[in-house]
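To start, the structure itself, in structure tokens.
Going in written order, the chains are labelled A, B, C, D and E, and every chain counts its residues from 1.
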Amino acid sequence: MSVLVEAVVTSVRLVLQGSEEFWNVIAVTFEVAIISTIVGVLLGTPMGFLMGATRFRGRRTMIALTNTGMAIPPVVIGLLVMMMLSRKGPLGFLGMLYTVNAMSVAQTFISTPMIAGLTAAAVASIPYKLRLQARSLGASPWQEALLVIKEARLGVVAAVAAGFGAVVRGVGAVMMVGGNIEGKTRVLTTAIVQESRKGEFGTSLAYGIILMTVTFGLNGLITWYQHSSERLGRV
Amino acid sequence: MSVLVEAVVTSVRLVLQGSEEFWNVIAVTFEVAIISTIVGVLLGTPMGFLMGATRFRGRRTMIALTNTGMAIPPVVIGLLVMMMLSRKGPLGFLGMLYTVNAMSVAQTFISTPMIAGLTAAAVASIPYKLRLQARSLGASPWQEALLVIKEARLGVVAAVAAGFGAVVRGVGAVMMVGGNIEGKTRVLTTAIVQESRKGEFGTSLAYGIILMTVTFGLNGLITWYQHSSERLGRV
Amino acid sequence: MSRPQSGTGLPLRAEGVRKEYDKRVVLDVDHVEIESGQTLALLGPSGSGKSTLLSILGLLEPPTAGQVYLDGKPVSTKDTAARAQMAAAFQSPYLFKGTVADNVAYGLKLRRMPVAGRREAVAEALERVGLGGWESRSALTLSGGEAHRVALARALVLRPRVLLLDEPLSSLDPLIKMQMMQDFARIIREETMTTLYVTHDQSEAMAVGDVMVILREGKAVARGHVDDVMGLPPDEWTACFIGSEPPFRGVVIESDEGLTGIDVGGPIVWATGTLAPGTRVLVGIRPEDVLLFESGVEIPTTTARNQMAGTVTAMQLLGVMYHVVVDIDGVRLASRVSRASVREMQLERGSEVQVIFKATAVRVKPQEDGRDS
Amino acid sequence: MSRPQSGTGLPLRAEGVRKEYDKRVVLDVDHVEIESGQTLALLGPSGSGKSTLLSILGLLEPPTAGQVYLDGKPVSTKDTAARAQMAAAFQSPYLFKGTVADNVAYGLKLRRMPVAGRREAVAEALERVGLGGWESRSALTLSGGEAHRVALARALVLRPRVLLLDEPLSSLDPLIKMQMMQDFARIIREETMTTLYVTHDQSEAMAVGDVMVILREGKAVARGHVDDVMGLPPDEWTACFIGSEPPFRGVVIESDEGLTGIDVGGPIVWATGTLAPGTRVLVGIRPEDVLLFESGVEIPTTTARNQMAGTVTAMQLLGVMYHVVVDIDGVRLASRVSRASVREMQLERGSEVQVIFKATAVRVKPQEDGRDS
Amino acid sequence: GGQKAEAPDESPGEPVVETSEVILASTTSTEDSGLFGEIIPAFEEAYPQYKVSVVAVGTGQALEIGRNKDADVLLVHAKSDEEEFVAEGYGIERRDVMYNDFIIVGPESDPAGIKGETDAKKAFEAIANGKHLFVSRGDDSGTHKREMSVWKAAGIEPAGDWYNSIGQGMGDTLQFASESEGYTLTDRGTYLSMKGKLDLVIAVEGDPLLLNQYGVIVVTDANNLEGGQAFADWVVSPEAQDVIAKFGVAEFGEPLFVPNAK
């Protein structure tokens, strides 16, 4: 598989040469991924808590909707966001289309349902009595929610990892609202698509390798954190 | 947003007219999604159990790798699978490229890490003593694993939903190894991409609406099952 | 105990609380109240609704019907402020992930106590439950009893106005149990905490409880001062539950120099105290106050005023001791007899014995008409 | 109890089992064994290693060192087959999601029992724990005691050869506790199950246990027949733990017609049985066999052979009864006295009393040299 | 007006040149040919006040973007659509910029025996009659439209197993054809740039029917009208035409595009 070799070589070369161009792609890629993950966490965890740890009418529908949200093709999200941000669209005046911010917005629509849906399942596994115990010690609803999320940490962190993965991998949306503009909105995934379209499989995979390497690094940290609780012994 | 209106109208029309063409797209879409999800479950849940409920050297690395697997862009997976199946590739003799099976294979690489990683987190939340209790009642390792997965049901099902979502949404891989051949390997997502390339945003969204509707139906079932345990009361 | 008016300053009071789970009534208590600084011991068989009542009084579960009052003001599960004055330790210790210290400090953190003071308070609370210096141990790998004690410390450390304990000592050995019971009794008095103490162990109830409520299938079948309830159980079931025989009715026939003779229909029972002859009374004697001797033995009445002949009608081994029921011309008395004595006296159903108990051991209660009779 | 040879047919035996958690030794027992059909009562304070020992014997946790034998064959946590002959109920009931029936039937399902028989067995087991007809109730919303009983039924229903129970009754009220204790005693005998019974309640231990091991900080400080251990605790700590005083040493001075007089250094203690004069013995008396009377009271020696004057040196309220320690020229005896008697006799430290106990209540053990002395 | 963006090569000290962004919507095949790598820098050198952002999409999408005024200027190759676009008033005017030509490529084995054929219609007929595998982009791109017009001219309604419409970019389509040993219609530029990785050879070329005319359109009252106008004017200017003429010679030994601005 000469291509694989070529890919590895290219990836190394890209990193070592490190053209401004290249670093810009890296920067934009993770800026967008991290921003949209963080916003996704801020929006998703509360939603997840509501769906997983409380009872209200239409809760199941909300859960089903969220799970469906996990399945919306990025292209569709991209289209919708694009129509919003288009000069003809309601938010056109912002002139945000084909900017990094537009990409972050679109990606947030991808990360949020992911994080919400999986957080819901995680917090639902925390025994209700534990929450009563917290209440009985004077925990306010907020503090109780915080505790539950801390207790469900393993699952919640996995949810975040999945959300991060979804935004890192999703290309359709950023392609659509970012435009893959060289030096501006080009990210690793769009570069990968473009290269493979050009038949530059080696380069395409090279970008893939770089993306995966960085992601692996980040996941290493996450896993380390996620399981740091294990020093407390098996429960 | 006239486009949205157009989209809704078109989606209804597509369904009502129901050309053979169209139903074939639907059929292939969910054949691939369901097959790759099922295989993903068969491969992912055992992996998830190992990572979440057992201790072995390199376990954390495996978890980090799996989480990274959740982030591999479908295009990359598509590329790799394509290189495998390419006439010049090692599995070329199978002549599988540009077939529905090729798509299922590629999608399985997407669903498996997703399901494995999230299952791991879910089963890790089951108290170890509960497993000892099962053992003490005579459960074999297999039966014990089964029990743990049943106990972690909420999380595991969420994992499956996420895996299903990932294959439903991911377009890069099927585009690459399926080729989006009209009447053969075209699926909803590839159709969506194609229409948006043409600037047929209405039609594109129409397909999106159809995809989401069916997915919502399936998720309704899943949610209903996932929470049927609630009749047992809050724990 | 007569029912107090609404709005009195009783720290904790509930009226007409009922709890149903899918139509099944598991709790239905028309009123329950604890006076300031007092401890209410809540007894009852498994499944009688003790924990349910506790979580309703703790504003943790809303009752299906009824109202809880804190200092006379109606309160509900919504009142976080009201709940902040309480602290509970549940039947099973739901410890949070983290260290023992994290757990004990939780409530203090919520109350924004400065770290220094917190550390001190935690150390003291742990000391109190016999886990001094365990701060940094993981809370997840404790033994059953240790976990329970941490949960207990977690509530005690808050020095709440209202303390709710659900079988706090059930998983501890007698040694530390006794020690902690006395410790409780002390701090509860010191801090004048108003306490609900759920237990299924009478000796615990008697050691820490001022008043006592016995639940049976969700209903309060007995309430009152601990000694009253234990000495004069209102009915057959309660008596059986607290391991004695139901009290019997009698009439005072004479009473002078602090001694009262009571005709219980057959033997005359001598009790301390003075009562007008003719008074109808209820008479109860705790089994542990009743001694059995072979018939024909002479015991000076100075020691044990009451001496009568009876027949053993029932025997049951309760671990260390036997529970022996003796019939004295129709009056049933229970006695605790050691295994050794049973062996030596060759006790069995039908054996003739001499029943001996002291005047001071006899509980007498002038009989108001109504539910007691 | 002398140490048996390896390979004997003892159903369950362990040698030199030690368990460490991050370098902390929590269990270190050089040997423990249960004879076929017997029940070993495992006592010890909280954190002494009872549950740890149980899960090691149950092949659930591997010991840091040592070996477990089933029928003389060494077994490990890997031996699913060996474990299949055992069943355990843990200290806290880890119930599975599902109904009560699902839980109780779990082990039977694993053993591929046909549905019909299963249903029947489940019903019977539930009946046995006083939850007859609860099959379809959710296991997740049971009360503490109910959950424990389901966990118990889940183990009992398997009629295992080796039964491991960790404080099975600690969360139950005396009434059902007694009833179930007798029930156990019966079925364990009927089914000749070999049972490890962890508890912190002596009366429980005495009711169900044949032999007994007391753990202290991971070490076995006392082992032997239940009555021996309870009657003649080997040391101060054990005595204190089981709520009596340590036995005292004495020499037989005369012995005829089944009565033996023992000089315990001061008073002469009379016991039943015959022993050669000059024999050095250990003497123990359970507190519940010791009666206290005001000094100067005459009691015929026919009833209570031993009568001596003493001074109260310590008093402690144990709920219903007081634990009173009396000194008889240097010999310390404990006695259980009811609250009433204490009130009447105005007992307090220093009170002069008459100590009375029966010859049959005196446990005598010829003293082998070595660890007992 | 328009969005402000800093020049990338801005460093402290130098006076900051306020640049405005010009969004150029074009096709993936154009971008993939690498042409923009040559002409954009040249333009930005000539007009430092502008910075060009290329959004490369399908032709149809490019026109749609123009209709939404999300682009300032278009460089596409679907003449009739472009004229319609202008006629509808979405664009100010359309000007020819350059052309390259389409070619029919196929497997070395050439099962349809069309190698050397110069008449595209005949070649298509041969393929259709022999039901030889043909790969169509099927994405309404300029290339696709041209393919359809050839079929039309040949009086054939392409359909059947042999006719694969895959709705993808040129690169993907060539890849597909190479893998499945089929024929396809491609622009020379993309073919040359991928030649090395393909098992495809040129079968038919030189038919006037296969000329591929590129046009530039300034979007009516675009967000950055001046910029768009400036680019359009520049790209048809002699110096730009010169850059185009030279592009590709170095790499492929022949130019990829022939400038033909009037």
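Note that in this section contacts are C-beta pairs under 8 Å (C-beta built on N, C-alpha and C of every residue); 3 or more make two chains touch, one makes a residue touch a chain.
Since the structure is predicted, the reported quantities are computational estimates derived from the model, not experimental observations.
Undergrad: Through how few touching steps can subunit D be joined to subunit E?
TA: Minimum number of steps from subunit D to subunit E: 2.
Undergrad: Can you name the chains that touch subunit B as well as subunit C?
TA: Per touch definition, common to subunit B and subunit C: A, D.
Undergrad: Take the average of all CA coordinates in subunit A, do the same for subunit D, and state the distance between these two points in whole angstrom.
TA: That gives a centre separation of 59 Å.
Undergrad: Between subunit B and subunit E, what distance separates the C-alpha centroids? Give it in angstrom.
TA: 36
Undergrad: Once you find the CA centre of subunit C and the CA centre of subunit E, what distance in Å lies between them?
TA: 91
Undergrad: Which whole number of Å gives the spacing of the CA centres of subunit C and subunit D?
TA: 25
Undergrad: Which subunit D residues touch at least two other chains?
TA: Counting only residues that touch two or more other chains, subunit D contributes 92, 141.
Undergrad: What residues in subunit B touch two or more of the other chains?
TA: 127, 129, 176, 193, 196, 201, 234-235
Undergrad: Which positions in subunit E are in touch with at least two other chains?
TA: 57, 168-169, 172
Undergrad: For this structure, enumerate the chain pairs that meet the touch criterion.
TA: Chain-chain contacts present: A-B, A-C, A-E, B-D, B-E, C-D.
Undergrad: In their shared complex, at which residues does subunit E touch subunit A?
TA: Where subunit E meets subunit A, its residues are 3, 5, 8, 23, 28, 31-32, 53-57, 68-70, 168-172, 174-175, 190, 193-194, 197-198, 223.
Undergrad: Which part of subunit D faces subunit B closely enough to touch in the complex?
TA: Spelled out, the residues of subunit D in touch with subunit B are 55, 58, 60-61, 80, 83-84, 86-88, 90, 92, 94, 96-99, 106-107, 110-111, 138-141, 151, 154-155, 158, 164.
Undergrad: Which residues of subunit A touch subunit B once you look at their complex with the stated criterion?
TA: Answer in residue numbers: 1, 3-4, 60, 63-65, 67-68, 70-76, 79-80, 83, 89-90, 114, 117-118, 120-122, 124-125, 127-129, 152, 154-155, 157-159, 161-162, 164-166, 168-172, 176, 189, 192-193, 196, 201, 204-205, 208, 211-212, 215-216, 219-220, 222-224, 226-227, 234-235.
Undergrad: Within their complex, state which residues of subunit D touch subunit C.
TA: For this pair, the touching residues of subunit D are 21, 43-47, 51, 91-92, 130, 141, 143-146, 149, 166-167, 170-176, 178, 181-182, 200-207, 230, 240-241, 243, 272, 286, 288-289, 291, 293-294, 297-300, 302-303, 316-321, 336, 338, 340-341, 343-344, 358-361.
Undergrad: Within their complex, state which residues of subunit B touch subunit E.
TA: My answer: residues 86-87, 97-98, 175-176, 179-182, 184, 186, 190-191, 193-194, 196-201.
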